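Labels run A, B, C and D following the written order; every chain starts at residue 1.
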Amino acid sequence: MNGGAKTWYFPDGYLPEKTNDGPMEAHEALMLFNVGDKPASVLLDVYFSDKPPVKDIPVKVGAERIKTLRLDHPEDLAGLAIPPLTQYALRVRSDVTLVAQFGRLDTTQDNMAYYGCVGYSE
Amino acid sequence: MNGGAKTWYFPDGYLPEKTNDGPMEAHEALMLFNVGDKPASVLLDVYFSDKPPVKDIPVKVGAERIKTLRLDHPEDLAGLAIPPLTQYALRVRSDVTLVAQFGRLDTTQDNMAYYGCVGYSE
Amino acid sequence: MNGGAKTWYFPDGYLPEKTNDGPMEAHEALMLFNVGDKPASVLLDVYFSDKPPVKDIPVKVGAERIKTLRLDHPEDLAGLAIPPLTQYALRVRSDVTLVAQFGRLDTTQDNMAYYGCVGYSE
Amino acid sequence: MNGGAKTWYFPDGYLPEKTNDGPMEAHEALMLFNVGDKPASVLLDVYFSDKPPVKDIPVKVGAERIKTLRLDHPEDLAGLAIPPLTQYALRVRSDVTLVAQFGRLDTTQDNMAYYGCVGYSE
């Protein structure tokens, strides 16, 4: 049984600054959860406020596996470096249904603050 | 391909006080994410607990762009000043489908606290 | 135009202890957002882990208004006192469609932590 | 009236380390909310990034009750010990409809940080 949806949207990306030397590094991550028995071929599109989107970043997710992408790691995004402190948004398109979630860990100040949610799907 | 919905609801708006001189300012923001190839004409309605709503605040979102509105900035709301520490709610109506999300950054105390989620859509 | 759904579910209620003398009091709240032009008659049901639910707590929400219920205030719940540090869940049933959201502000420690989300609706 | 869905997905599990001696212990929990008048027989499946899932962990939820599972307590998971600081994801399958939510309380640093949301259902 495959579960989820083929398209997901995350409107509120904003990479925190890495100003803190604490044990956990500020970051944003996208979790792709494929419960099906076929690998998923995913295309990731990154949108901005004031310039055209960067489309068709390819990602693979194995059958019955989770893939975690770090949005602050260009090597996870086919080389795309998203600048910190810049609003961006994500569209996830998959050839098979999956479930996606986006999360932020902010350590700008001495504490940490989480924020995460299942996205809008269709 | 256009994605999302034409109507979005956010029941829990509450502007924090700006009591902290830290590097990040307390605020609430509405992100409007238009993946389609046509600009979106949006009307924003602001509801309260004890008085009639303020309706039909016009907002434009470019094709394939994100628009961020600060709810504490009257210039983003056609001059409407939402008072701090007052419960309010938002309805977003768009002529094309889009995806909307609401977020709060609270710095009332020395730490910061995030809260944000994709809204209810139909 | 009425928006939303007639039934909402919030599985994770847990009233924090009020151990902190900071400027904001720990609490949980339910926001009921009625965009329609008719008042809403709502019945609230409170469920527990180890005892039968308390059902049919009546609540009114005016047309085009927001109503905020404090779950730690028995006067908002027809006298029901939900004990702190006890798991509970909410079902909201309305005679007209509305949008509901649940939020927690925890001040158990020196910082504060938010948590809130639009619920599951049908 | 039964409410909810039979299948739920939570893509972002990650047990925090228990490094803090504060009053609240870091943990993740799954809340299963059964408003129906029949007990629910649930099967829980735990997925990972780099190894096959552990499937068919049985859980019962009484009629009109909430069940809270601690993901850091093997006794709640038929003996499965999920390692800390490891990405995992959950699928919940129930024979009757219910509503599920996942939450994390992180106390890695001196503050605490909440994160929780109703999951994706179908």
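Observations
Everything below uses one rule, namely that contacts are C-beta pairs under 8 Å (C-beta built on N, C-alpha and C of every residue); 3 or more make two chains touch, one makes a residue touch a chain.
Quantities reported herein were computed from a predicted structural model and do not represent experimental measurements.
Here chain B and chain C face each other with different sets of residues for the most part; under half of the interface numbers are shared between them.
Among the other chains, the CA centroid farthest from that of chain C is the one of A. Taking CA atoms, the transformation carrying chain A onto chain B includes a rotation by 90°, reported to the nearest 5.
Per-chain Cα centroids separate chain B from chain C by 22 Å.
Separating the centre of chain B from that of chain D, both taken as means of CA atoms, is a distance of 31 Å. The residues of chain D that reach two or more other chains are 110-111, 113-115, 117-118, listed in rising order. Considering their complex, residues 7, 9-12, 45, 47-50, 52-53, 87-89, 91, 104, 106, 108-111, 113-115, 117-120, 122 of chain D touch chain A.
The residues of chain C lying in touch with chain B in their complex are 3-5, 22-24, 31-33, 35, 64-68, 99-101, 103, 110-118, 121.
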